[in-house]
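Next come the structures, one after another.
In what comes next, chain A is part of two complexes: it sits with chain B in the first one and with chain C in the second one.
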Partner chain A sequence: MSYAKDEIVLKAQGLKIHYHTQKGYVRAVDGIDLFVRKGETIGVVGESGCGKSTFGQGILKLLPAKTKYEGELLVGTTNVIPLDEKEMKKVRGKIVGMIFQDPMTSLNPIVKVEKLFHETLKEHEPNISMEISRERTARILEKVGIEPERMREYPFQFSGGMRQRVMIALALVLNPDIVIADEPTTSLDVIVQAQILELLDELRRSYNTSVILITHDLGVVAQMADRIAVMYAGQIVEQNIKNKIYYQPKHPYTKLLLKSIPNTNPKDLQLNFIPGSPPSLLDVPPGCRFASRCPFKMTVCEKEPPVFEIDEGQVKC
Partner chain B sequence: MSLLRVSKLKKYFAVKRSAGEILLRVPQRYVKAVDGISFEINEGETFGLVGESGSGKTTTGRLVLRLIEPTEGTIEFDGIDITRLSNRDMRLLRNKMQVIFQDPMAALNPYMKIGDAVKHGLEIHNIGKNEQERKKIVLEMLEKVNLQPEIYSRYPHELSGGQRQRVVIARALILKPRFVVADEALAMLDVSVRSQLLKLLLDLKREMNLTFLFITHDLATTKYMCNRIGVMYLGKFVEIGTYKHIYESPMHPYTKALISAIPEPDPNIMNSKKRFIPHGEVPNPINPPKGCRFHPRCPFSMDICTSLEPQLINMQDGRTIACHLYNSH
Partner chain C sequence: MSLRSYIITRIILALPMIFILLAVIFFILRIIPGDPVLAILGGKAPIEVIQQKRHELGLDKPVIVQFFDYIRGVITGNLGTSTLTNRSVFEELKDRFPATLELTIFSFLIVLVIGLFWGAESAWRKDEGLDIVARVYSLLLYAIPVFWFGLILQLIFASYLRWLPVGGRISAVTNFKIVTGLYVLDALLSKDWRGLLDVLRYLTLPSITLGLVISSVFLRMVRNNTVLMLSKDFVKAARARGLRKKIVLYGHAVRNAFVPIFTIMGMEFAALLAGAILTETTFSWPGIGSYLVMKIRYRDFPAIQGTIVFFALFIVVISIIIDIVNALVDPRVRY
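Let's look at the complex of A and B:
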């Protein structure tokens, strides 16, 4: 697929993803509008349980069978919501690649690395020979800084950082348009994290891939993202270009969240936090979902807040 | 006055040999998790331990509580060398030394009500005349960590992550310890909750005059908690100083690397930051590099670094550092 410079590679409109539990449906993603341009990195940030990972996995429809999808999710020009499992397989890996948080649980530890790549390639090119897939594996492994000979080893023989490199290579081997990275460095030490983030950014530039970076770490998105979407209780409360989010946040949640990060400035010893906790997504209160914790709460907040367009961004308040 | 004085502490873990290796008389190998460290913590002070996984910081925390036995070295608590105490005498001291672990779900028995879990320590150490009085002490403690009294009869799975960690803190502090080891106590929490609990720990520290060994990989939190910070690499200290020393003017090349790798939640600082990311990964602690342990990854490595291990030396500004770059010879 080829795209014009500003072409949009992914677009969610009124996207809802509700997954099934014994207690009922969890409204993990509850009406999201978001688009991703070719070659850009968009950071999706939020705290545990805000629905950011469900969104990431939902793009590839990797969630359990009883999950309900609503709205529109365009990957390229195809709406993936009505697609069945067989059709989704063509999207996975080929158009959208995925990098998970924990490479030990997401890479089968007893399958050789070369076989992992061969299986992935075979999914989309059924007649590919082991020879050719080895060649392509070698090329991509070199790109992520792993000696190609190591493809004969098993994932458990790699260190955490190296496993994450294998994972990145596996996500990129089919040269997808979009890569979803769900907390790609959360289980890594800071120095290894810095190495992996640099690698990811370098590869994004050289392949002109779009990256959806899902993380709780506002430091990581400050380094990586072009635009940022802040999620709270299943919705995007604010999205904008990076500097606007950090220096001119509009939504009270974004403001308070930024203030509550412990900073490293030795002179600033003030500790801020947001009292209370987010609402349960099993039973969402009407109106603004942040209202119960918001210091600027008004009576109008009992109604569903509208979305305002500001500059390049949006705020729901 | 120092409450805890650790000197030349070592912990080597034996690496399991396979039956074949034993038959072939392959020599026993050891993971040198902690390899000769000395430090003191004064009464009321918080000493931070930072470093990457495998640097030995958690092992150090477990050693000073004698949850594991040291291979070598001494640990003096309030003037008593606890490495020589019998298990019975050690047990009598345990109420003065407590620990807060990272994962509250793993630290709490899922079948035990919160009240019972917090009360357990009182029963073991025979504090409180009867059941009623113990319950009163527990409720007071729960209030101190800002938990509602209803929590008393709840189970861990009914609480949020932040509430569970408050319970773990309450359980550690109910025996009125003098010394607490906090091992990544805030690592699993979301930012907004982490700041809440950091504030709680600071308040309790002041109120109860606690001395902390604060183990973390998150340098930003050490600013609020720690008087001094020790940076560990492969079982040894490379630099010990205040937050200002370590963060504003790190001297050891490893400390510099560690500081420069922290992602700052501010795009301008992030862009202007001088990045200094060493290549490769932490070497295997079974066979640490000769000389300075950081030399294979260090851009300033000199000939001497490959052969002679640098010792900790005191600098004029009050920090200590183990690096040949700052030795006069």
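Let's look at the complex of A and C:
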């Protein structure tokens, strides 16, 4: 695969993020290779604890202080791994925006909406006046479908869906190159979910922002993503363009994951699932991490699986 | 609800509270053993004199009439007459109140600075050196009785080092115009810098004693609540927007940490006043605390009752102010 270098806004190479615990390092992200092109949506899917959220927050280095980062993580052309807190602040919000899972808790309920915007704008543009920041707030709020007058209200006066709209506006107000959406719709009801995803997609198009969509919901990525990366036990087992993942999955885990989506066919009411559970990331067994649950396991699986390049993607099996 | 109607509601709601408070004080003082008439006249007075005095004090009227006389008195600012000095209790309290107010204000400033900043910074560096020292400090000072701590400070700074005066409020030679009764303010108003220095020297030990002791609890409250808030999603979200530590910590975490703190701060203030009584006694500070102790020693019932009423009203006023500040910080309480 080759793309013009300037097209790529984020590139992870051999990225490892290990949490420090009293029992040792938890290898939550253990060697990820991934790139994101300008304006595209990449879905990162996987079950709970596979390291997808760690990856998302690791991009902005928001994890606990003793967390160990290794490898290379280019945001634009800068490798953020060696950056300290002070230098990271210039990346956070300005180059990479973030939308969190639960809008009920990720906005400070007792700080006025306009102040949330003002402090964010002021941090990155220190000379901005209150009037200009109000103007820009009004503009972005209008874009996400909130009456600008409501900026004088407090987040606790907004409903869940509305709060997530505020959150999206807050992530986009500095016009970042990349927006990381960490399970943006998980805590919302289905109708609001659809609205929020549509909004996110529309804004991505109009701002030409790249979106890293982290979710466990295959329906969500099906609707939004251009490409999909499937994570398992801290690694990406398969990544490809959306249709290839859905119609020609290569990795056994991807296949089983897709099979486990409940369907509405009355003849097939059996709920499929993958027996077993992922290995502990504190003490990872050698070889393929999915081997213990894999129905196609072979002796070769006891060795570290190679990565195969397949047309537009990769599979590690 | 607007802030104004919240304040009005809060004040109206305080009225029945004050009434109950006054009733409790009145009846408790009538239930506890001890006859104020005998306390004044001594046990051997002839029966006619006792009856005469009883009539003078209105103690021969039915209790319910006495109660309403007393309520009327409190409303009109008449807290009775001291049996010791024959002066109006209200006047005596008015004379001594500025001393107590000055002491509590300065102590409270110390509490606020130590508790707020040290508490917040410890929370930010949880389990690091500063935080561990903070935890030991707050435990230690919480365990130390305020009068003992005052005595030790007197011993070190007044007796051995002779840097500061042992007690009192002002030197005999210092002389400036008393307007407000708050000496620091009065010295500033009359631009008497040497007087100001003198007054501050007297103020230092008592306010440090009281301030440090009360700061222990406050520091712990701020630290623990801030630690809790720092683990919240909105703090992570604030960091994800690139906000600097100062805004993340004080603008978000500490701000929200104060919501539960406010509700206990009224009680903390009562502790501050209780501490003030002991501190004033230790340092011969001529405030209401030492006044109360003196009056108890002489069984001056009207003065004791008046002082308790005064303390109670003071705490009610402070808790209303705290509630209003709380409503400013956390708009949710208004809705």
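As a working rule, the second predicted complex is superposed on the first by the 309 of 317 C-alpha atoms of A that agree within 3 Å, B and C clash if a C-alpha of one lies under 4 Å from a C-alpha of the other, contacts with A are read in each partner's own complex, and residues count from 1 in each chain.
By definition in this document, a contact is a pair of C-beta atoms (placed from the backbone, for glycine too) under 8 Å apart; a residue touches a chain by one contact, two chains touch by 3 or more.
Predicted model only: the values in this text are computed from it and were never measured.
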item: Clash or fit, chain B versus chain C on superposed chain A; value: fit
item: Which superposed partner A:P306 touches (first chain B, second chain C, both, neither); value: neither
item: Touched partner set for A:K90, first chain B, second chain C, both or neither; value: second
item: Touching partner for A:P82 - first (chain B), second (chain C), both, neither; value: neither
item: First (chain B), second (chain C), both or neither touched by A:D189; value: first
item: Winner by number of chain A residues touched, once chain B and chain C are compared; value: B
item: Chain B versus chain C as contact partner of A:V111, first or second or both or neither; value: second
item: Which superposed partner A:P286 touches (first chain B, second chain C, both, neither); value: neither
item: Smallest separation of CA atoms, chain C relative to chain B, angstrom; value: 6
item: Contact footprint of chain B on chain A as seen in their complex; value: 47-48, 159-162, 189-195, 197-198, 216-220, 222-223, 242-243, 246, 256-258, 260-264, 266, 269, 271-275, 277
item: Residue ranges of chain A touching chain C (in the complex, touch as defined); value: 57, 60, 62, 85, 89-94, 97-98, 100-102, 105-111, 119-120, 123-124, 154, 156-157, 167, 170-171
item: Chain B - residues contacting chain A, complex; value: 52-53, 160-162, 190-196, 198-199, 202, 217-221, 223-224, 243-244, 247-248, 257-258, 260-267, 270, 275, 277-278, 281-282
item: Residues on chain C engaged by chain A in the complex (per definition of touch); value: 232-234, 236-245, 247, 251-252, 255-256, 259, 329-332, 335
